[in-house]
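The structure is given below, and queries will be raised subsequently.
Order of writing sets the chain letters: A, B, C, D, E and F. Residues in each chain are counted from 1.
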Amino acid sequence: MSKFRKKSPWILHYNTGGCNGCDIEILAALGPKFDIERFGMLNRGNPKQSDILLVTGPVTLKCRDVLRRLYLEMPEPKVVVAMGACTFGGGVFRDFYHVENGVNNILPVDVWIPGCTPRVEALIDGMIKALDVWEKKSKDKEYLNNHSEELLKEIGAIND
Amino acid sequence: MINPDLIMKEESIDSVKDSIRKWYNQDKHHYVTVNAIDNGETLTLDWIFSEYETKNKIYVFRVENVGYNTQIPTMTDFLSCAWVSEWDLADMFDLNIENAHRGMFLQPDAPKAPLRKESYSGK
Amino acid sequence: MLKMFSESFKNLFSKPETVLYPFEPSPEPKNYRGVIFYNEELCIFCDKCEDICPPGSILFEVVDVESNKKEYNYNPYLCIYCGACVEACPKADEGCLTQEKDRMPALAGSGEQVYKNEKLGYFINRTKSAKNLDFQWREIENKTKESREKLAQHKALKRKQKQEALKAKKASSE
Amino acid sequence: MIGLLMTIFSPIIGGLISGVERVVKARMQSRVGPPILQPFYDFFKLMDKRPIMIHSFHASMGVMYFISAWFAFAVLMLGNDLLIAVFFHVISILALSMGAFSVRSSYSIIGAMRELIHLASYEPVVILCVVGLYLSTGSFDISVILSSSNAPIFTLPLLFFAFVGAIPMMLHKSPFDVAEAHQEIIGGPDIEYSGPFYEAVYTGRWIENVFVYFLVFLFGGGNFILGAFLVVATFLLVTLIDNSTARLDYQRMLKFAWVILIPMAVFNIFFLALGGN
Amino acid sequence: MANIFIFLSIVLPIVFGFIIWFRQCDKVSGLLTYSLLPILTFMGFYVYSVDASIYIHTIGLLDFFIVTFDFFLLIYFAWIGMQRKSNLVIFLAIVQFILLIMVISIAPEVNTANIYVDKLSAMIYLLVALVGVPIAIYSLKYMDYNEKRKHTFIAIVVGFLGVMNFIVSVNNIEWFFTLFELTTLASVVMIGYRGDKESINNSTLALWMNQIGGVAILFSLLIMIKDFGVYHFTDLWQLDKTTITMAAFGFLSIAALVKGAQLPFHKWLLGAMVAPTPVSAILHSATMVKIAPFLLLRLSPVIQDTLLSKLLVLTTGFVFVAAAVFALTQNNFKKILAYSTISLLGLMMLAASIGSSMAVTISIILIIFHGIAKGFLFVEAGILEKLFKVKYIEDMNRLLEKAPLTLLFIIFGFLNMTFVPFGSFIGKWLMIEEASNFLSKGSSVLLIALVAIGGVFLSVLYMKVIGVAIKHHRFSKIKVYPQPKNFLFVSVWYYAILSILTIFIAPFIANFVSPIAIFITGKANGLYADGLSLVLGNSTLEFWQIIGAMILLIAIHVAPFIFKFKNVEQVHPYNCGEITKRDAQSYDFNFINNYESKINMIAITLFISVLIFGGNLL
Amino acid sequence: MANKITVTFGSQHIAIPEPVSFVFETENEIITKVDVDVGYVHRGIEQAAVTKFKYTNVHYLLARVCGFCSITHAGAYVHAVEKLIGVETTKKIDYLRTLVVELDRIHSHLLANGHVAEVCGYENLFMQTVKYRESCMKLLEDITGNRVQYDYYTIGGVSRDLTTEIEKSIKNTLNELRKNTIKLMEFFETDYTLGLKTRNIGKITTDFAKKMNCVGPIARASGLKTDARAEFDFLPYEELGYKTQLRSEGDVWARNMVRFDEVLNSIEICLNVVDGLDEGDVKVKVRGKPKGETFIRVEAPRGECFYYLKGNGTNIMERVRIRVPTYANVPVLRELFVGSKYSDAQAIVLSFDPCLSCTAR
């Protein structure tokens, strides 16, 4: 069954305050030239139905909780792909006062795509790597259960 | 190469609003932004305008020596688009601008007034 | 609407535009600003690259304060590939610091080996696991800072010693 | 027998249709597109996801949607009255929209509301279509329609086009993908489903595909080759339209259905009925 | 025996009503209303099972008594008009007074029985017993919640059931007029029951609108007597259809349309909302407005296939759609129900005016099922109002958390109004099948279009209302709160009747409803039950389909109680990752109101054309 | 009335990949109230530019204010710094800079228009637009070494020269692109359904544009003639065939069409650049440190970008103030929503081609 898994990764994209450079390239990847739908990838825009959280940007303070919420809304097995230098320790924005210095401080990142801006080919490579990680995760079935009350309180889970 | 015809008008904080209001002509002048420069203890405030279809013209209404706590008038009554820049400055310098909302840019747990010299030069 | 209608129809029967990467090559252009390669032998340790690097992805850690020996650490994941370092490097023409057109491969964050290449400097080649690579880099940063301080202290000490020695010399000569 | 087989395999047929559609769509956009079996890959993936939900009622409605869509199709294939099958279809919409209404998410609620407006737009056309088929073949019975010697398409050209105009509304395709409106409400009624529950909704949509294209097939009457041709042509046409229009809003959809499609259908039936005597 | 039962069916409720009124005591009221349920049901069933029309000749004194009563009634109306300073009411009362004198002066002596009871009447007896009496039972408790003069109210309700039984039993159209006026009186009294300003205004509105119906009946009587010399329904059927003029029937149809609250005379039924909810229930469900389709059913053998019938089809079909559309814009729960009644009445009258054997069957099916379901819904609306303080759609937001059981009943009521395999659906289905046979008569095509469209709008309406109420918090525990026994009894009663009837719908329709139609039209309609499947010509509604749909729908509406996914983790709804506070209500489609005047204009035009063209007045 | 539905639009929403949040209050899908929050991307660039970075590498940071007009931000800064130091650039440098700036404008405009089509539910048009845009991306990658972050400007020059091979491919590609752009324009111009979604939607009159001080294509689509390329000498636009493009309708559609007009004009400019290129070095010597203040306006794809720079003769600038086009257009954007349908809101937002990463910096 999980043989099929590798072929249908749906993406949730969230920009946590990067320069849009990576986001432009994600759009380009959807376009005819690169067409990541070849791999069954769809940009769902909906955490409930996504498998891969594609994060760009250095995580600004204001995006931090949104990112956490989106991550928690995604059903496991899920993979976090961090695209661009920003997501790795902040990139150029390293140690700015309103920046969390990269995604790894907020969520466990599974794949890093280096570059600023990475080429679309790099994005595709990264995604293919993510598929392996995904496969492994779904075999292990290590689900993070019961998000602690504290975390939910901290990020202010919606009360309805 | 770049050589704007800079027209600088020195104003005081009380008079600046009236003089801008009197001078500003919607069909001719383009409001660019309001800017603040921190000089350590005081601020310099610039209201910056340009002119449509004229080369290299920049008008600046400058107010020197504005204290951190001085009440700064809002221009939104005749420049209805000025709110973004005013809220921005209010956040960035922790200024007392009329009707400005705080927190559009800064999270509560971020440093206050990040653009004041005192906040980054370690004093 | 009708125009697009016929265009869609035409597209249906013409060859798609897609480049079938990764099953088909899509090479970087000659000019591509890829990964930075470093050649220790040519380096004169002027620190210009470290100075200019916007995100601070080049760090020289002083490993031996006595001989002022430095180790070049480079983090290709933090690097923004701006090429400023190469431009600043006085020895770039000889190939001390060059920007290749190759991309750094993506990194799977858990358990995987990091792609290694001697020319990538000490950091990448010394890392064991890819896990929390960003935190490992933070350590290097701290270490570098410390080593710099040490170096400064050492230099200050030396200067002092020198001055003292000089003074002593003077005194003795007097 | 064939009916039973069709019913059992309808999800598979539907999945294939949606797979082919995705490929054709991609080609029309000068892309390569996914493999044809992609919907099934999606299916297996969704099945293996860890289930999460908003609340049980919502989740169960997703499953009910699938079941009732399937049941409606069974009624279509195994029952002998076309009209009843069309009414059964509404039950699935009921399940879907109730589920979507039951969560306090504005996208879901707007989606459900729009889904209802979809229903108000296409349902009269579909019913008129069935009546037209009756008029042309003399029966509501599918087996009779499928063995009638004259193909209804020749007597009901306008009605057929009205039906084709309603297909984008039924299958949520541009220009009438109002209820799904990916860029506005991100899938509308589907949005809060995930994992296996979304899978139910997803498969339910496939069955709707089969449902709709089977109705198209009926326009071929006893001539199965013509029927198959009609299905393929309609499929291509709908995909082409999907690819060459922007999404309209719900008022425009209502207006289109009411000002153009319904009068068209009524006119055709009028014409035929009066001429027939 | 049957004669006695008919007599009792009419008199018993009235007598009980008086007793209740005199005693003003809980025990007595309870006992009497509860006892009416089996008594009336039994008598109704007995009368139904008699396989012949029952003619009862009455003594002349009764005739005299009724006519006198009539004059007093009209004087009373005039008096009400004077009290409420409504010239219209006074004027209409005087007009009726004069017309009535004219009618009596020219009315010939006819030797036809004044009471005529056939299966149709018996069916309505049963409906009154099964749907009307529970409403009385329900009012026993309802009136305990801050309402005044409880027993008087119950007395009126109970007494009214007798009047209702009476009106469907009369043959003499003059008597019919009297009873018509009596029902008008009843509605005035009930609508104005609370006695505040709004109630009074609305009851005045109901009065004058219904009086127009009365005037129409009188006109028709005049014409009828002048043209044919007869004024009994049964005599009318004997007339030679090829030669008669339609004017009298045109007027009678108008009376029916008014009583059936068809656009543009729909306001009075909407106004009934201000009264205690049982009033609405009684007006909408089994009784009162059902007089309208009943009257048309009585006329249908005569008007079948005439221009009048076609115009009626058009008018009522239009109302079916228009009222459903208007209902979408409403935000008051009772108003929504009222509009849907108007809409469905349109459908019933549409079927009745087609007049073929099948159409009559359809009309009766709709009368029965709509009666039960609407009674059900209004009862629940009353419960919502009293127990949960919910009146408007916005109050219904997240109702599931507050009142799951009531909501469940409401949903079931709604499902009954439009979905497969419930009665109203079957009516719609048969209607389309039937109309398809007559496609060559252009109006059938329109009819199908109207039926399809109206049906869809009603579905949309119900789903929208359900949608508002069904929302709930992801952690809310759905717990059933205890309800007063009376309420529960009535709800479960309706629920049970509807479920049972639906499961056995095929034999029910084939063996119970269809004979009525055959009785009326004298023609078979090709409907029969094959086991539990309903067969019509080539088409079958198979039992597995019925039961399948039933299971699906029951599963859907009781899902909050039965489906509990224990091991599935819950997350919050997607909100773009934000936690803003949100309103999540519904649409009110208020742009439809822009077309209101246009729709009303069309309705008025249709109305007048029914009279002028249908009645051949030109 | 039971008809209020609050719709949150962002910060994570498929139609706007950037984090920005609108909270709409709708009645029957008509928007009655809007709340805008544009501050999600605030990173603290203005502070970092005067603390963490030396004046020699600030432009690498500023390029990452926004990827769409990375070149404009870097350019504005470099122009300003060059002025403060007193560097004179050669014609060749100016030409090369213009080339990349205009190519950037082309790709940005095409993507913006495609994106409008996408959020109107016209996926195919988006695909076609992106398809043709790829040729421009290829050029940019060939010239500068990256598809988005060019880092082409350096203080006193540009980072690399054109080879003759690239020159030739520029000419070919751009001629091809011009044809394709005209084709795309026809799609946008004649498409009926797209017209329903874009014409007369989000209308800004000239007066309103003036009142709200709009900039860029948004202003020019409303007939307000403002363009920093014409109003400020930062690059030799006049001699390269620049013309201001104006439309008067002021709706979503006009904004798209203005962008297309500008793409065509930019293609013209680029071809002129290639034709008029001199031989010579791409860098001049820079000596000294920035001192004094300067104001500079440049035209980014989205409109006028304004910089204020103050240097004090050290390695570190004293103040860098960035006022970006979206920042200037957000006020009018907010006004436009009230009264329009929610289903049009996406098209309205994206017709502004908003770039919040620079608004919040």
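Operating definition for what follows: a residue touches a chain if its C-beta (ideal position, glycine included) is under 8 Å from a C-beta of that chain, and two chains touch if they have at least 3 such contacts.
Predicted, not measured: the structure shown is a model, and the values here were computed from it.
Hopping across touching chains, the smallest step count from subunit D to subunit F is 1.
In terms of the stated touch criterion, the partners common to subunit A and subunit D are C, E, F, listed by label. Interface comparison, A-C versus E-F: the higher count of C-beta contacts falls to A-C.
Taking the mean of C-alpha positions as each chain's centre, the chain lying farthest from the centre of subunit F is E. A summary of chain positions shows that the Cα centroid lying nearest the centre of all protein Cα atoms is that of chain D.
Chain geometry summary: the mean Cα position of subunit B and that of subunit C are 40 Å apart.
Note on chain placement: the centre of subunit D and the centre of subunit E lie 36 Å apart, centres being C-alpha means.
The centroid of the Cα atoms in subunit B and the matching centroid in subunit E are 71 Å apart. Chain geometry summary: the mean Cα position of subunit B and that of subunit F are 24 Å apart.
Shown for subunit A are the residues that touch two or more other chains, namely 14, 31-33, 35, 38, 44-48, 62, 66, 70, 91-93, 97-98, 116, 119, 160.
Residues of subunit B found to touch two or more other chains are 105-106, 114.
Multi-chain contact residues of subunit C (touching two or more other chains) are listed as 1-2, 4, 7-8, 16-18, 20, 32, 54, 80-82. All chain pairs that touch, listed by label, are A-B, A-C, A-D, A-E, A-F, B-F, C-D, C-F, D-E, D-F, E-F. On the subunit D side of its complex with subunit C, the touching residues are 24, 26-33, 240-241, 243-245. Of all residues in subunit F, those touching subunit C in their complex are 53-54, 56-57, 60-61, 63-64, 124-125, 128, 131, 134, 141-146, 149, 151, 154, 159-160, 186-187, 190-194. Subunit D meets subunit F in the complex at residues 28-31, 106-107, 109-110, 174-175, 177-178, 181-184, 186, 243-250, 252.
Within the complex formed with subunit A, the subunit B residues making contact are 105-107, 109-111, 114.
Contacts from subunit C toward subunit F in the complex involve residues 1-4, 7-8, 17, 29, 31-33, 51-54, 80-84, 87.
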